[in-house]
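Take a look at the structures listed below.
In the two complexes below, chain A is the common chain; its partner is chain B in one and chain C in the other.
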Partner chain A sequence: MNASMPIRHTQAESDLFDRFEAAKPDLAGSVAVSALREAAVNQIRDRGLPHRRVEEYKYSDLRAFMKSAAQLVSKAEVTNAKDLLAAENLFGDLERHKLVIANGSFVAELSDIEALAAEGVTVTDLNDALAGEHGSQLLASPKTGPCDGVVALNTAFVQGGVVIEVADGAKVSKPVELIHVATSSGAQVTRNKVRVGADGSLRLLETFIGETGEGELNAVFDYDVADKAFLATTRLIVGSNDAARLLTTIATIGAEAEFKSLGFMAGPRFARNQQFINFTGENSEAKIYGVTMAGGSDLADQTLIVDHAVPHCNSREFFKTVLDGNAKGVYQGRINVAQHAQKTDGEMMTQALLLSEDAEMANKPELEIFADDVLCAHGATSGQIDEDLLFYLRARGIPEDEAKTLLVLAFLSEAIEEYGEDDVTEGLEARVRDWLASH
Partner chain B sequence: MLEIKNLHARIAEDETEILRGVDLTVNAGEVHAIMGPNGSGKSTLSYVLAGKEDYEITEGEVLFNGENMLEMEPDERAAAGMFLAFQYPIEIPGVATMEFLKTAMNAQRKARGEDVLSIPDFMKRVKAAASHLNVSMDMLKRPLNVGFSGGEKKRAEILQMSLLEPKLCVLDETDSGLDIDALRIVSEGVNKLRGPDRAMVVITHYQRLLDHIVPDVVHVLSKGRIVKTGDKDLALELEKNGYADFVEAAA
Partner chain C sequence: MPAVQETIDQVKAIDVDQYKYGFVTDIESEKGAKGLSEETIRFLSAKKNEPEWMTEWRLDALRRFQQMDEPDWARVSYPKIDFDDLYYWAAPKSVEGPKSLDEVDPELLATYEKLGIPLAEQEILAGVEPKNRVAVDAVFDSVSVVTTFKEELKKAGVIFCSISEALREYPDLVKKYLGSVVPVTDNYYATLNSAVFSDGSFVYIPEGVRCPMELSTYFRINEQNTGQFERTLIIAEKGSYVSYLEGCTAPQRDENQLHAAVVELVALDDAEIKYSTVQNWFPGDKDGKGGIYNFVTKRGDCRGKNSKISWTQVETGSAITWKYPSCILRGENSRGEFYSIAVSNGYQQVDSGTKMIHLGKNSSSRIISKGISAGRSQNTYRGLVSAHKKASNARNFTQCDSLLIGQDCGAHTVPYIESKNASAQFEHEATTSKISDDQMFYCLQRGLSEEEAVALIVNGFVKDVIQQLPMEFAVEAQKLISISLEGSVG
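Showing the complex of A and B:
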């Protein structure tokens, strides 16, 4: 049954092949990188865009959603990018370093390269790295990522990005915001490589501003957390974009290290935040949080695979989803525990709050355990706002809308607070209020 | 202040009739106690006054300072001065008690067209009220009622009542779950709020609460109607002889 039957390509797939032919001469990279790009396009040619018959995309059928594919976005005018940055500031007054990627390409002149250098952080344009001797290594992802259709789409078309290297022992004092700016319509495909050296520490904020029109946004973040290092990443996927928002995390965690992430989604028509977390050293910890809001006919998907390949690691996964209108939420979380990964402690929880009759949540927590001495738990709940809570608040004079806001905020804040990056809490709660005010 | 006329109410879901013609008038400055056996409709009466949607009014009316209270939303009733101290205060995870108090006080002020409280003013009021009720700052930082003991929950209710300064206080079995000391603290808190402009309806099973909060009028509610009205001695009589006399009289 494995004989490959050529598939009938959709309009979007044909558009993608045209796009590849048109863009090929300009796409960065060594000969080896070009070969990886070709292979990735061929994967899409053979299998099509990820669709509902692929288990990982059962609830988020990208193939059905993408009716067509726009061309890659053209280079941004720096002044336009600057204007947009001034107009849309997602973290207000928060003290931070900024790195800017506009229309898929790193913009050094808008980035705080020198300030970061002073803190022991080296920032390189991804395209320079791709052209180099080890370029292809940047696109060859560790095990859980490469067969994924969204990652293949990224590998084929990646326009640019940054390589951030935190020196051993460097503890970056302020968060670094990696801002992706879209100044004009078109698909935007980026990849960022972040390496936190041994005993180093970095807090990263990942934001996306501007409209990509009909073009999809595809960003892959490849993190390497060395021994005893710390990395926290806050990813904000907001705004009412009509084209797909496809975000991927690939994390490799060394020994005695800590990795934390919060994926915050509110607004896009079709958004998927997928994470592949790999433990490669013992006594490490990963804490993965998700806060999702979707209304109208939005689809919001949080998918993750946490791979406990080594013993003595802890992982915590805590996801909260609020749905309104006809929105659909998806949570797929899998914890794999290899046979020798004894003393693994994994705790996964996903909770959804449905504000309307027609909203729908697909909760799929999974454990795949081959070791016999582990602590693993998972849970999933879906419910409505508790009428008794609502009545209590209203009986104290709080109008219904305000009472609902309070309860939704309380529900989502549990994850934001446990994530515990206090300097971003206020900004995130403001986004929750914004979303509630517009729904 | 409060006029209840021939009030009939039933549970919306299964149409069980609970209140079968309640008549009650409470004037400003008065404290009325409503006593009665289990299932007589005491809690239903308090929920109907607060505006819980689980009940349907089939007949009668409720006037609050001359206004038809049954047409008002629960939050409008609260802003107009109605306060229900819940028999079972609800736990609200994720909402810090302090934040909740501020939101409630300011929501009512906004509804009445008053300015919202400044943070220092708000803090001053909370600290003063909390110290009288033996409510710690630590408790105020915790999520509302979450992990509070029975006594702490009731003290938190009375704290809310003092801060919101309602015109009409309905206390639904505020004595349940309280030990003697807690009962004393809560009662003192309630007595502090007695005044010529404020009316109170104290719902209770037992006479002992009425030793602390001495009522002007005592009513006996049975099978959804008030079957007997008297002064505070009526409560003592009930304590001695039980409800049997009145329940049978009503049948």
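Showing the complex of A and C:
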């Protein structure tokens, strides 16, 4: 494709340009922020939405999927948000702090700001930060590569979000649940910045509830894990939404730090969870897990790039996918090792289980290595349930359905258990069972 | 103390640009006009007395080529090739169809002898059957100069000749199969090849015949400013078997030379084709100057039930390698195999791998790829394994390992694994590492020099693939690997 050749825009793209013109006066931010937004829209104007000819979107053609683009969702009524929160409690009675983003904007009155402040955590509305002197730095994210279409879409339309700062040395006792609530339909676009100070520790739960109707959900999470800090994020992308769910992680990891994440997907019609993990300090570790379930005609895409730019870091990527119906699963993972990043240890595994004749899986585990003293490996498997295992269980009097459930649960639990955030394990396994019961 | 001759020789031998086959044969040759145009093609086609349909086929390919863009997805970088600055036809002058070896220019024979390729047919001594007889087709620049053991092969019903000869003698067979595996517009370089291919080998194994000896083609680029575009077509009829070897070298020159070949294999029911390559084109000197650009399309079509195609390749040469020998597993129970060793040193860039496309039920495939990068080279494995809807019980096992020697090289793995059938079972594993200090220490402690130790460990690393090579090639390949890696330690 020649970039200088003007492309013919799709309906969705034209809708997006209209949306931008309509929303522009209300979108927050300094002059510099507005310039970034303009640049992002122009990128979409030049290149269109990401499509299958763009290597990173080879299997997830967003341009073909998005037939139209709805307007940005309007502000939520707090009472409506409150009702929804009460109705859809994804982590049951797990003790946690809550932060609420309703229809794309941070809602302080539904969030546990004071309790968090007592633990050394400062929470700010993103829009306040965007209007400030350094606002544009929040949207400039060179680590993703400026070309990613989903991030550009986010930059253009960011409605709001939250900035979470964990003070140096603060170890937050309870997990923090960052909940995105949609009370009415329309596109929801947020950006969230999380910084864990040196020697600090935070466990984050990211959930999305309510229907966005025709509008896409686009959320970017920008994590900054300082030296010796710890951050674990559990992301739940569940529920049957018809519009695209586009989630992006950008993580910057300092020295001797640890970053863990689990992307759990079940249900959306078109979901992409993309992660850009960057090591900037030595002796750090990143463990990235993925659990994907897709049925019907869903498309579930887990994409990640782990960039080992410094020596002596370890990364582990472990992804499990279960597919049913006509669903399509995508895993694209790449480990980059820079020339001076000696002693890197990278280990990537992706496994898929196909439960139906018409399901499809595309695995693309890549290694890109410029240093010689490294240990990197990747593995990929795909297949159906092992008949022998099934027979073994059935021979012991377990009915076929139940035996299958057991085997699928065991298959997916491997990743959940290795992730090792015990207080969420049970809840996640219950979600796997729910999904299996409905498929 | 002045260095003794032995030391000097030894030092010379480990130089990275110590390319054994870098000599030029001073032989009178005839070239066509420079440049890519309809005239060039008409000239080429006329020169070879081709039938009218063939000329049209070529012209059609040229027209399509002119509409295409050069692909840029591979991890290789090189200055743009000026296709109008190339000769598309070069031939040793004296080859107006030699009737026997005696008529071949002695210079040419000497060249092949230098390369270690005996073209003279060995006499069968009374009572002594020579063990490993190989029939050779030697291609020099654009033409095939000689094919040995023709008569004996004919007795078995095997056709082994140059493709130009096949076009004259067996036009129906060629017409039926040419372009049926690699269509004219398959990719940029294949289209170019379709337009300008000069010569290559043609093999036809009739039903039920097991080819009595190994067939081999030896490619040599000699002339300056020429591209070599050969085309190989192998057809194995029902229940037949053939093992085919291919070797390549080129002189050491400062400019880059282009080699864009197309190889098509067709295996019908129960047939088996084993295709082995030792590619040792000039890789460029130690500063990355010169060397062959090797853009090759190789594809096998397992058309029949229980058919099998196996690719084995040892890649040590070329400045740029762009090559993905593939199998289309169309037949039920068909099997595809790919064994590859790609060694890169100096400034070489290798982007190679395979495609296993499972279309038929119970088709199976196996990929073993070993990449070794040293010096400042970049070595990429790029592969596709896919199972289509109807490929029930397809099986694939892939293993690709990379070894890095030195800190200025890179090793990359880009596999695509696409499954559209639940019962297809795919396994893929890849590792990248360097030679471990423990292994080195162990070898050094036993009195091996550092280079010997590396050679030993590397040979162990590539053993799985070497085992798949026919005897003659296995020895050559092992030597080649140690030569290619010389100078990479320390």
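Criterion: the second predicted complex is superposed on the first by the 434 of 439 C-alpha atoms of A that agree within 3 Å, B and C clash if a C-alpha of one lies under 4 Å from a C-alpha of the other, contacts with A are read in each partner's own complex, and residues count from 1 in each chain.
What we mean here is this: a residue touches a chain if its C-beta (ideal position, glycine included) is under 8 Å from a C-beta of that chain, and two chains touch if they have at least 3 such contacts.
Computed from a prediction, not measured in an experiment: that's the story for all the values here.
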- Go through the superposed model and pick first if A:Asn89 touches only chain B, second if only chain C, both, or neither. neither
- Partner chain in contact with A:Ser240 - chain B first, chain C second, else both or neither: neither
- chain B versus chain C as contact partner of A:Glu360, first or second or both or neither: second
- Of the two partner chains, chain B (first) and chain C (second), which one does A:Glu368 touch, if any: first, second, both, or neither? second
- After superposition on the shared chain, which partner residues are touched by A:Ala380: those of chain B (first), chain C (second), both, or neither? second
- Quick one: classify A:Thr122 as touching chain B (first), chain C (second), both or neither. neither
- Query: Regarding the shared-chain residue A:Arg394, is it in contact with chain B (first), chain C (second), both, or neither?
  - Reply: first
- In the superposed arrangement, does chain B or chain C reach more residues of chain A? C
- Query: Where on chain B does chain A make contact in their complex?
  - Reply: 50-53, 73-75, 77-79, 84, 86, 89-90, 92-95, 100, 103-104, 107-108, 111, 143, 160, 164
- Contacting residues of chain C [partner chain A, same complex]: 73, 389, 402, 404-434
- Item | Interfacial residue positions of chain A with respect to chain C in the complex | 55, 339, 342, 352, 354-384
- Footprint of chain B on chain A - complex, ascending: 387-389, 391-400, 402-403, 406-407, 409-411, 413-414
